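What follows is subunit A paired twice: with subunit B in the first complex and subunit C in the second.
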Partner chain A sequence: MSVTVREAGPTRAGGARLPHARRLELSDRQLGVLFLLPFVAVSLVFVVYPALDSIRLAFYSKEPFRQAFTFVGLDNFRYILSDPVFWASARQAVLWTVASIVLQTVFGVALALLLNQAVRGINVFRGLLLFPYMVPTVVIALIWRWMFNPEFGIVNAGLRGTGLVRGNIYWFSDPAWAMVLTILLNVWKFTPFVVICVLARLQSIPQEIDEAAQVDGAGAWQRFLHITLPQLKAVLAVVVVFRTIWTFNKFEEIYLLTRGGPGTSTFNLAVYAFEQATANLKLGVAAATGVLMLVFLFASSVLYLRLVRQEEA
Partner chain B sequence: MMAIGRATRRRLKAAVTYTTLAVITLVMCFPLLWAVLTSVRPNDEMLEVRMLPRHVTAAHYRALLGGRSMYFEASDAGYRPTTAPSQHFLAWFANSVVVSVTTTLLSVGVSTLAAYRLTRFRFAGQSVVPYFSLLGYMTPSIIYVFPLFLLIVGLGLADRLPSLVLGYIAITLPFCMWLMWAFLKSVPIEVEEAGLIDGATRFQVFRLIVLPLAVPGIVATAIFSFIVAWNDYLIARIFINSVTQLPLTVGVMHFFEGVHVDWGLMMAAAVLMTLPLAVLFMFVQRQLVVGFGAGAVKG
Partner chain C sequence: MSQPHGLSRRQFLKSTAVGAVGAAGATLGAPGVLRAQGKTGTVRVWGEPGPYGGVAVDGMNEWAQKNAPGLKFAIETIPWSDVYAKLMTDLAAGRPAHCISVESPIAFQLMAEGLLEPVDDLVDKIGRGRLISGMKWEYWGAWKGKQYVIPAHHQSDLLVVRPDVLKEAGVTKSPAEWNWNDQLAAAKAIKAKTKSFGLCFALGRTIATDYYVLHLLHSAGGRMFDAANKSEVVFDSPAAVETFEYIAELFPTMPPGAVGYTFLDVVDSMAKGQSGMVFYWGRVFGRAAEVDPNVFKTLEAYQQAAHPKTGKRYNWNDFQGWLIPKDNNPYVNEVKQALVYIQTSKDWQIRYLHSLVPNVSPVFQDVAQDPRLTQHPFFQTKRRSIFEYYTEALKNASNSGNELLQGISPLAGIVHGRAIIAQGVQRMLIDKQPAKDSVKWTHQQLEQLRREHIRLVI
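And now, the complex of A and B:
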């Protein structure tokens, strides 16, 4: 890195420098470029380039065991759109996403309200209830597989103990139960994220209005509906968008727990793309699936934002 | 209706709150608790239906940390010990630590510098970069992973740890940038201006004034990238092939190979894998709420 000797450039403060401050140094402009350069370089090479390359790959086909890519036009998209597994994966992805988001938003808000109370020892509860967010998905998947093991799992043992269920539930061999488990895993892991966001907002809401309403005889539910909830609206709008996009894109939560099975009954589009690339060696089809995911996400974000704006108007 | 005193009512309310919290906490923490209990349960008790183990054993942890092979494989020469996944546990752990720490340092460093530049220097479209970054984080990682792998292969880094660092930076950098930008925006600029007037150089201002004020944001960003790197499965699964180069996440899934699934061993691995995050979490729990609140919500 070359450092040129020059007088310091004008600063934001207006260049009110003492003479003795003039010495070997970089100007603000040079320093600014240096600060930004690593970010721009890394982003271009490792984020922007792969994203663009993925769009290019969507129009190419790669023969297994050969390096060459051949241009195939829209063939990959045609292949996907005529593949029943793709449509099933898309439906399952929407179901998985919507169910996960609704549940974790409801639980998250309820839990945040509970954790916002000023009782002694609340920090211990906060810590314990936020921790699942940090637990690796692999770990949760391992634990889930053990807890829901049909023969030796604690869940089936517990259910048998209550007498509600006779025999074992085969959680991972039943498409409906497998879907329930993946949703459960997602809700368990990410409810704390909703709690973190809502709690941060709750702590900045002044208590006076709530107390005034309480004096006026408003019940807890009324106060929540008319005072607290309107103030949470903005946070929840952001949280729901973020979580929806992230959940829709998730791969590990499903793949590690059920491998998309039984059959393809818990596939979402990310798992579908992964299987196309690794099991079928169709890199182009995987890339095209990714492009369709982006289109879908973009379309639904626009739709959602329009709905939110309409409601505000 | 019976008149209830104010103090009694408040006490009753607290009791209800505590009970609700305790029940929810128990339910939410049960999976982790169950993993801990299973990890100290001897193998001959594994199939019994009971909450607490009758005996407590460290055998599973010893097997993982001592690198002992746990199961045997039939061959022509009779039974012989085979390379069990547990033998590589320590290597995997070390790989995960090295890769996650490197990723965190690079990601936080690069994004802090860039965020400072973007919040403190005026130029056309200065908010385009952060919002563009956020867009990057919204993109499914399944989109990046295969082209990124082709790039890694082109660079000759496939199947080596640096490839993981590059992959994780690609995933974390956009959101780190967003978090740091949102945080630095809220750090008042006046102190810096005073520093500049007093004759400090821009770099001194950055190092001595901005960095200390930015600590909560840096902590939140660092935690975020550490979690992403430590928890990733997809990228490592695609990028790494050799068993000794694997991080914990992909390595531990190898425990499902073979006919016999050793649940005690697996739960011990799960506990050890969660431990660094638990320690981290205890130190930074408050800052997490503050930092993420600033970045993820107010942005």
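And now, the complex of A and C:
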């Protein structure tokens, strides 16, 4: 396709263009670049610049009250790597990320398969499924805090009412339960994202392949394993990478739900960095934490995508 | 547009821009822009949650109406748990409020950091000799010979009990005579024999937990820092281990959720009848009156239980005052005048104290003796408890910024910002570390903090 952009210029009566009017013709590539420019500009200002500045800050000590800005080399990294809370946060971040992604993927694929059925009114269910994804995290976290309130929350009331437990469960006071809740909140909120991506792919898979396998006597599980899943591999690879990056970096869900507690048992690296920046005013340490997160995520993503490509090859 | 004769284009544009900005500022009433009739804009006042900050600001606005009609004082309330982070980040960003009411350890840190305006010129205007007997101006905040904080009130955490629950649990000895062992026995009896939890105080990773642990530590004879010796860390002591072990013994009598509690959770635990006893400031009475009048009727406050060996009953008394950030603050003089106005007005002082009885205790003798003070309805039924807060508590006053009232350490505010003491206790309660190891870890954190901020204490 070739798009022609004409400069507005003086015209004679009747619309005929004057001889000196210039024609500006753009190729597809040039037009694409033009459309990308606003995004590039915004990214440079709000993503690239802050990221580069954070990397620079990771090598400095900044005392905000004194406007002191001292180069400290690798001291911030040494501080982090010798801090047991950092390592605990890293372990918890991996646990929270892996558990969340596995559950989101499993539930996401299962729900997408269900929503791919040609059933009357299925669009209503598809719409409803987006609800958790649309509600602001702060609202969800507050609602969950009420639901899981040990004394008057609906969850404990339900469990007691059905005789499953006798006393109250103190969800946010037990490290294991607190971690389970943060994972569940993340799964509940972001499974719809997986569903949308997978459902879009499912709808583009030709039905003929599935029908042919059915004729050949393949069962539902076999058809899913050997026909549907391979078709989903590419989209799942992208979904898993993106969800992993977003989940690993997640801050607000954990902070709003548990504030990283009890103790530091639900800290991930984002919460750790936040605490270093606000409570400790160690801006350099917080920035260094961000740099380590960036390196870890970059390495993990490259490794994962290579594995997927190898398998495809 | 034609260019005025004799003026370069650049000069013309520059003068036009300056004029336009000035005109816009005057029209919009931007803060800091001087008008002919005086300053205009909004004077931001930070206060902790509670009606008293709002009452004080009402008083300041009364001053403004009379003396600076272009000014409006506005209260900004910060939740307790976020006070430190909010204050520090706003100060670091160079956009602090113009007047702050905050807990004393944080005020001490700010004055040592050099962020506050000295207020020595206000002391005589407000009345150097007005303080209640035994209290000193420096308790609120003096550093290197200069006064930085104007007294607003004092508030102690005391032992608040429900005598009906104690009776049900078969506890007959008066809390006024308790030592730590009696307190522990009572908490166990309440847990075992009633539907209530024995004792409640905050054990979450918050500033609140720091305060509770430290009042116990002080009674046991321990401290965090030696203020007289450049704030050397003296935390790792038998007293600290004993304090941690005592908390571990109390813990099974407490609501299990206490490991996540902060201030208001403790208030509600008592006001809603969940616990038989709490360590708390006077706010719990007001909250109970709102939430459950039957609970309010039964509440009584006592001085903290005495440590069995030292006999001390220290509470955590916040000598809370008004302070004025000096940087980026165009309203220093106006805030000073407004503070003198409300601090010398008995009317406003009484209104301030009545806004939350008995949470905010009087600091000026003339106000404490004013007959209007006792005209609040709470005095009809809670007079003894109120005076436990107002006057008796002062005999056992201590806080983490001025431990045992033996000297100010500006490091305490930073300790609370990081909730170091709370984290130490949580290592024992959540991570199941021995008390001795948790104390050692806490000591190491305090040492590290002192190293980082040594400039504040030498």
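Observations
Here is the rule we use: the second predicted complex is superposed on the first by the 267 of 313 C-alpha atoms of A that agree within 3 Å, B and C clash if a C-alpha of one lies under 4 Å from a C-alpha of the other, contacts with A are read in each partner's own complex, and residues count from 1 in each chain.
Quick note on the criterion: contacts are C-beta pairs under 8 Å (C-beta built on N, C-alpha and C of every residue); 3 or more make two chains touch, one makes a residue touch a chain.
No experiment lies behind these values; they were computed from the predicted model shown.
Looking at the superposition, the partner that touches the larger set of subunit A residues, subunit B or subunit C, turns out to be B.
Contacts of A:44 after superposition: neither subunit B nor subunit C is touched. Within the superposed three-chain model, A:220 lies out of touch with both subunit B and subunit C [touch as defined at top].
After overlaying the two complexes on the shared chain, residue contacts for A:307 are found with neither subunit B nor subunit C. Of the two partner chains placed around the shared chain by superposition, subunit B is the only one that A:126 touches, whereas subunit C remains out of contact.
Applying the stated contact rule after C-alpha superposition, one finds that A:74 touches neither subunit B nor subunit C. By the touch criterion defined above, A:150 lies against subunit C but remains apart from subunit B after alignment on the C-alpha atoms of chain A. Residues 278 of subunit A touch subunit B in one complex and subunit C in the other.
The touching residues of subunit A, counted against subunit B in their complex, run 8, 11-13, 16-18, 20-21, 25-26, 28, 31-32, 34-36, 38-40, 42-43, 45-51, 53-54, 57, 111, 114-115, 117, 119, 123, 125-132, 134-140, 142-144, 146-147, 149, 152, 154, 157, 161, 188, 196-197, 199-201, 235, 238-239, 242, 245, 248-249, 251-252, 255-256, 270, 273-274, 277-278, 283, 286-287, 289-291, 293-294, 297. The touching residues of subunit A, counted against subunit C in their complex, run 64-65, 150-151, 168, 170, 172-173, 175, 258-265, 278-281. Per the touch definition, subunit C reaches subunit A in the complex via residues 84-85, 88-89, 91-93, 113-115, 204-205, 256-260, 274, 417-419, 423, 426-427, 430-431. Within the complex formed with subunit A, the subunit B residues making contact are 14, 17-18, 20-21, 24-25, 28-29, 31-32, 34-35, 38, 46-47, 49, 109-111, 113-114, 116-118, 120-121, 133, 136, 138-144, 146-148, 150-151, 166-167, 169-170, 173-174, 177, 193, 196-197, 199, 201-203, 227, 230-231, 233-234, 238, 248-249, 252-253, 263, 266-267, 269-270, 273-274, 277-278, 280-282, 285, 288-290, 292-294, 296-297, 299.
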